[in-house]
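Note that chain A is present in both complexes that follow, paired respectively with chain B and with chain C.
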Partner chain A sequence: MLLYTFRRLGLAVLIVCLAMLLLLAAIHMVPGDPAGIALGPRATPEMREAFKVKMGLDQPFFVQYFNFLTNVVTGDLGTDVWSNRPVATMIGEQLPHTIALAIVGLSWSILIGIPLGCFSAVHRNSLLDKFTGVLSVACIAIPSFIVGLYALLLFAVELKWFPAIGAGDSGDLGDQAMHLVLPGLAVGLGWVGYLARFVRTSMLEVLGENHIRMARAYGLPTRRITYVYALKLAILPTVALLGVGVGSLISGAVFAEIIFARPGVGKMVVDAVNTRNYPIVMGGVLVTTMLFALSTLISDLIAAWLDPRVRQGL
Partner chain B sequence: MTTAIEATEAGAPIRREPRFSWLWQLLRDPLGCFGLILVLLIVFAALGADVLSPYDYKALDIKARLASPSVEHLLGTDNLGRDTFSRILHGGRIALYVALVSVGSSLVLGLFLGMLAGYGPRWLDNALMLLFDAVRAFPVIMFALAVITVVGPSLETIIFVVVVTTVPGYARITRSATLSLKNTEFILAERSLGAGTIRVMASHLLPNLIAPLLILASMDIPVVITIEAGLSFLGLGVKPPTPSWGSILNDGYSFIRNTPWLVIAGGIPLIITTLGFTFLGEAMRDVFDPKLKKDR
Partner chain C sequence: MSQNDLVLDVRDLSVSFRTGRGKVRALRHVDITVPKNKIVGIVGESGCGKSTLINSVLRLLAPNAIIEPGSQVDFLGDDVIKMSNSQLTDLRGQRISMVFQDPMTALNPVISVGTQMTDILYRLKIPMAEKRKRAADMLAQVGIPDAQRRLEDFPHQFSGGMRQRICIAMALMMNPALLIADEPTTALDVTLEAQIIHLMKELREKFECSMLFVSHNLGLIAELCDEVIVMYAGEVVEQGEVHDLFHRAAHPYTRMLLECDPARIAEARQELPTITGSVPDMIDLPPGCIFAPRCPRRYEPCDASPPEPYAVSDQHSARCFLVRDGR
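Take a look at the complex of A and B:
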């Protein structure tokens, strides 16, 4: 297990490094002049040169990449072009908001999605199961920003049940919770569908196995069989899904933060794109990519811990 | 529907599947049928946008700005008084254009890279797989934002981002199918008869790969349309005055306290499209790839 952990960790680091290499290469490859775009059409050639030197864009590609990596290792993500504050500090301020939003979105979808999937599996091919099936596909298909916009329109603008923008007073937990309801709804709805579908499929597999039939033959109550014996096994593949899905969770959070004008990494990066604040964008991309890699790592480790067969794969 | 009966060399008749039987199977699935109708509706609206639009999508009418739906303006007007219905019809063109171009390019590129990985030397396979893992390490939207910061928002940027992030999916499918096929007897027989790599790839591997790739493509189309609309909603997609469903939503968001109609109207075509393609894709998967069929 220890060996697997180290190998998996090494792979995660390698993948993140490669991903950043790829990103810099893609930016390098695409025709276009970053300095010209950042400074606008009225910039003089001297200003452009100065900008390139400041951003390290005048260096050869691999030097740029190496500098970037060494800076990251020392925790230096560069400074904000406009305010000159360190990007790492700025991300540190925004990250808790994004993580809180992701946790709220994921939590409510787990609370609804998993029981829904169990229910569908137990009552297979019933009318309700079919309805849930269609509903889950619809939840997955509809973009999260549409859910966010419609929720904003209905519950905040028209009905005024929930606040529309911001994260709430920093000292008032109740107010903050109210501000999390609608964004959390937007981020989590797709996940309800994913989880319901996924749990249903793996539940159906488990319910067909011998030990479950045995439990039935012993006359254990169905509810106990479903939620205690079967769910324990069926939840395994879902753990892996959660890790991979953090990427889409982050994308959802970006839109929710914009729509509900919440502070967070997503909003910070989008604002930075609009002002061509290159260091912030790179820092934001790096941190979210690392977060994504970390969550797949954790879910892989959990899966390996629960199922020894997985460890031999790497 | 005719069923052709053919005699084999041994003389035993075999039943051949009627042509287009997959279409009938698809239509028999109510959700697949529903999906197909929605998709046809969107395609029809996008193709006929010029004829169907009651107004020029660029025509301003400041006096009638932010109007609610009425007989003159079926879905109301936006903040510049442009007819929302006409803009939605033309926005469909952009959405489908981006989806078809980028999914098509991804498919071809993924097919090529996947075959290379599956059929080529081991080191190349490992290198390509590592590369694909690296691409999948990004949250798509973050990758898009980074590229847009440097090269600026445009239709081409969106297509570039989508192709880069979706190629690994196609390549992986192609690779695993190629790996499992390359040592089957019919391929080995063909090779021992002297067929070159290119011939084996083109006339024996390719036909076996197309079905799963097309299924993935039909599932990817709504994802791509969502990315385009999402970036345009953030103001980082197509440039105005080009109509996009995302930019209609962006205008609607800015004026959400003045009128609900712009947000409602901008969201509906996206819901129709994503639902339509997803239902169609699911039904297609059930028809073409019964092995993948969920739980039956």
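Take a look at the complex of A and C:
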């Protein structure tokens, strides 16, 4: 398991390095001169040249890449063009909110989606199975900003169960948690349906396997067969899916952050793209990539922990 | 033979399956008995109802199965058909257990062998350490070296033959009165087959359990079993003591089955003998003998009404008019 963890960790680092290469290339390929945009149309050619030297844009591509890598390793993501504050600090302020939102969204989808899928598989073709089927597809079909808007209207404005906007008092954890419930639902609801369908399918497949028949022939309690013997296998594809899914969860978070006026990396990057604030765009995208690599790493480790064949095979 | 000497007494068992095309009558009026400490073999082609029969005994039939009224599956005095779910849970794995055909898929790949074995003992209120000790003992008895340590291992770390040994060990964990073996060696190669059969013989002496052994390998049946039941298209066509049945096969189907057994074909032939035709449609049954359409010795009574079991000798009977008429 230790060896597997190290290998997998190495792979994650490699993925992030490659992503950084692509990111730098993308910035270079986008039309428009960063210096011109940053300094405005009235800047002289000398000013632009000075800006390029200051930002290291006059260097060859691979030197830039190398500088990028070493800066990132030392925790330096550059400085914001507008406020001159370090980008790393700015992202550091926003990141906990985004991570908290992703975790709450994920929790919503796991806590509702997986039991729903198991239930549908065990009671296959029952009325409730059909009902959850329709419900799941509905959950998948509704865009997260619609869910966010209506959740806001219903639970915050009408019923006043949860606060409407912001992230809550920075010192008060309970208040912050209350502020997370509705945005989390908006981000996670689509995944509830997705997971329910996915778990149902893999569960049905596993329940038809020989070893489940054998467990039944040995009179094991149905509960143990369903939730240990079958689910431990059926959950494996779902774990892999979730690892990748966190990526789309983070992009879905942008809407929730805008609707609920929450701080977060997503909103920050959107704002930065609009103002051509390259250091923040790069820093934001880089951190998101790292989050993505981290979540796939975690999901692979969970899969290895669940499945001895993966653990020992690699 | 008195009633008390029987472990399993199946009377007039009929099972059908509801399908889109109609009712498939998979088993019809099957009578079989398994005496104490005996091994009873069941032979027959694929689709003859062997699996339906053993699944009925454990009540593990598919949801679209119907057990027809009048069927009776007596296990040590209790009718399995009338059992409640909790009684069935008590029965399965504890009083009747089963060894499956394919050891490669019969064990759960993500749960350690030790846990799968101790899970079977969930009914016993004994400490975990004691359960693990029992599991290790049982593994040692089926010939798995270093059993204590190997409890931690997962099924993929064992070879096919080893896995079947583990399955047999699991089947014997609760010391059942009846062991059902569903083609336990079909998925294994010949040398392993011999080892497993040897093991089963040995364990049968040690554990004193009766066995229902399903196979399409006549050689194995002859070697291992005390009694044989020949099934064809959902019916028992012939049954009897193993020697008597193999030497004086009365039903044409049994005879043809024996002729087709590759192990018995002494002279080298260009073509292996086969039984022509195929198993009849079990939705629309012929009015007479079920085997008549494929039978080389078919004559007038065969198409009129189905034959009853007629005695060949006192422990051997066949459902064939040839036996009744002494032809």
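For this structure, a couple of remarks:
Everything below uses one rule, namely that the second predicted complex is superposed on the first by the 265 of 314 C-alpha atoms of A that agree within 3 Å, B and C clash if a C-alpha of one lies under 4 Å from a C-alpha of the other, contacts with A are read in each partner's own complex, and residues count from 1 in each chain.
Here is the rule we use: contacts are C-beta pairs under 8 Å (C-beta built on N, C-alpha and C of every residue); 3 or more make two chains touch, one makes a residue touch a chain.
None of the values given here were measured: they were computed from a predicted structure.
In the overlay built on the shared chain, the residue A:Gly166 is in contact with neither chain B nor chain C. With both complexes placed on chain A, chain A has more residues touched by B than by the other of chain B and chain C. When the two complexes are overlaid on their common chain A, residue A:Arg216 makes contact with chain C while staying clear of chain B. When both complexes are overlaid on chain A, the residue A:Val273 reaches chain B alone and has no touch with chain C.
Looking at the shared chain after the overlay, A:Leu306 reaches chain C, while chain B stays out of its contact range. In the superposition on chain A, A:Val228 makes contact with chain C only, while chain B stays out of contact range. Counting contacts as defined above, no chain A residue meets chain B in one complex and chain C in the other. In the complex of the two chains, the chain A residues touching chain C come out as 209-221, 224, 228-229, 232-233, 236, 306-309, 312. Interface residues of chain B facing chain A in the complex, by the touch rule stated above, are 31, 130-131, 133-135, 137-143, 145-152, 157, 160, 164, 222, 226, 229-230, 233-236, 249, 252-253, 256-257, 260, 263-264, 267, 270-271, 274-275, 277-279, 282, 294-295. Residues of chain C touching chain A in their complex: 58, 60, 88-94, 97-98, 100, 102, 105-112, 119-120, 122, 154, 156-157, 167, 170.
Those residues of chain A that touch chain B in the shared complex are 14-16, 18-19, 21-23, 26-27, 30-32, 34, 37, 124, 134, 137-138, 140-143, 145-146, 149-150, 152-153, 157-158, 197, 200-201, 204-205, 247-248, 250-251, 254-255, 258-259, 269-270, 272-274, 276-278, 281-282, 284-285, 288-289, 292-293.
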